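Naming follows writing order (A, B, C and D), and every chain is counted from residue 1.
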Amino acid sequence: MTYRPKDTDARIMHRLKIARGHLDKVISMVTDNVYCIDVMHQLQAVESGLRETGNLMLENHLKSCVADDIRQGKAEQSITEIMQVFKKKV
Amino acid sequence: MTYRPKDTDARIMHRLKIARGHLDKVISMVTDNVYCIDVMHQLQAVESGLRETGNLMLENHLKSCVADDIRQGKAEQSITEIMQVFKKKV
Amino acid sequence: MTYRPKDTDARIMHRLKIARGHLDKVISMVTDNVYCIDVMHQLQAVESGLRETGNLMLENHLKSCVADDIRQGKAEQSITEIMQVFKKKV
Amino acid sequence: MTYRPKDTDARIMHRLKIARGHLDKVISMVTDNVYCIDVMHQLQAVESGLRETGNLMLENHLKSCVADDIRQGKAEQSITEIMQVFKKKV
């Protein structure tokens, strides 16, 4: 269960689907033997879109789950979870 | 036209398809209201896979196109192209 | 004014000073005409150290300032500030 | 020994010294108990400056050492070295 409001979920889903469309384009570019540099630029568009989606998820998580946890005295675990995500950040 | 050897293309394609599978999983996790932190970890798996794929593309590009360009006295343009990719790197 | 506990400040300061030492080493390597690749590895050690320091600052900020703000009903501004840091993240 | 032309070295050195100045500022901000978010923005300025310096080093390395290696039939080792730097990229 989660606390994402409907419209945030819709925005996240919209961006994920755009990223999947761009990723499908990367796959077809490789199939079609497109010049490496052009494929790499398209791949970066996917990465950039996913990064923005991750920021949107994070912002929503801070505003909902983390804020609730802190109000209920469970800051420690909540912040540890967030930091595990950051430390892995590529 | 490009210079990717068949097996490099196969490895790149394999990784791109794994990344697409992981991205589909992210989309279904959002649909199923899975906890934000778990979705973010799955999203990071996609980003990490795409980053490795980008490194593989780059390595192949350096070994083939860039090396050929340099041998043919066209280092300048080739290196400018590579640097444009790096500077955008997220 | 800030809310960093003394020992966190000491750890942050310790890491910043190590990073400065590594950066001084980079500068002396350039002065001494050391091979580019070796300088780049040393530069990455600085970047990696600063990144860990940033994560430590962030963790402390979440546990102190953000948690306090949320308890006092000022979640919105506090989370906006945090997100501005993330979105700029290199 | 290295192949950095004098003016590139001068530009790299200039940027490294600016980064060191910004890092000294971060250290004094922590000493003065400045608000975490402001310190993090200043730290990001250092990271951003070092990243640009790294790109400048890389561009020069590609144009000089790597291009020479490729012309002399030593592409393999040179590209392996470059890829080790990328894969560690934070």
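Here, contacts are C-beta pairs under 8 Å (C-beta built on N, C-alpha and C of every residue); 3 or more make two chains touch, one makes a residue touch a chain.
Remember, predicted model here, so these are calculated numbers, not experimental data.
Matching CA atoms, the turn from subunit A to subunit B amounts to 180°, rounded to the nearest 5.
The greatest centre-to-centre distance from subunit A, using averaged C-alpha positions, is reached by D.
Here the CA centre of subunit A is 17 Å from the CA centre of subunit B.
We define each chain's centre as the mean of its Cα atoms; on that basis subunit A and subunit D are separated by 28 Å. Put simply, the C-alpha centre of subunit B and that of subunit D have 23 angstrom between them. Taken residue by residue, subunit C touches two or more other chains at 58, 82, 89, whereas all remaining positions touch fewer. In terms of inter-chain touching, the protein chains here make up one closed cycle, each touching precisely two others. Chains touching one another form the pairs A-B, A-C, B-D, C-D.
Contact residues of subunit D toward subunit C in the complex are 1-4, 9, 12-13, 16-17, 19-20, 23-24, 26-27, 30-31, 33-37, 39-41, 43-44, 46-48, 50-51, 53-54, 57-58, 60-61, 64-65, 81-82, 84-85, 88-90. Those residues of subunit A lying in contact with subunit C across their complex are 55, 58-59, 62-63, 66-67, 70-71, 75-76, 79, 82-83, 86-87, 89.
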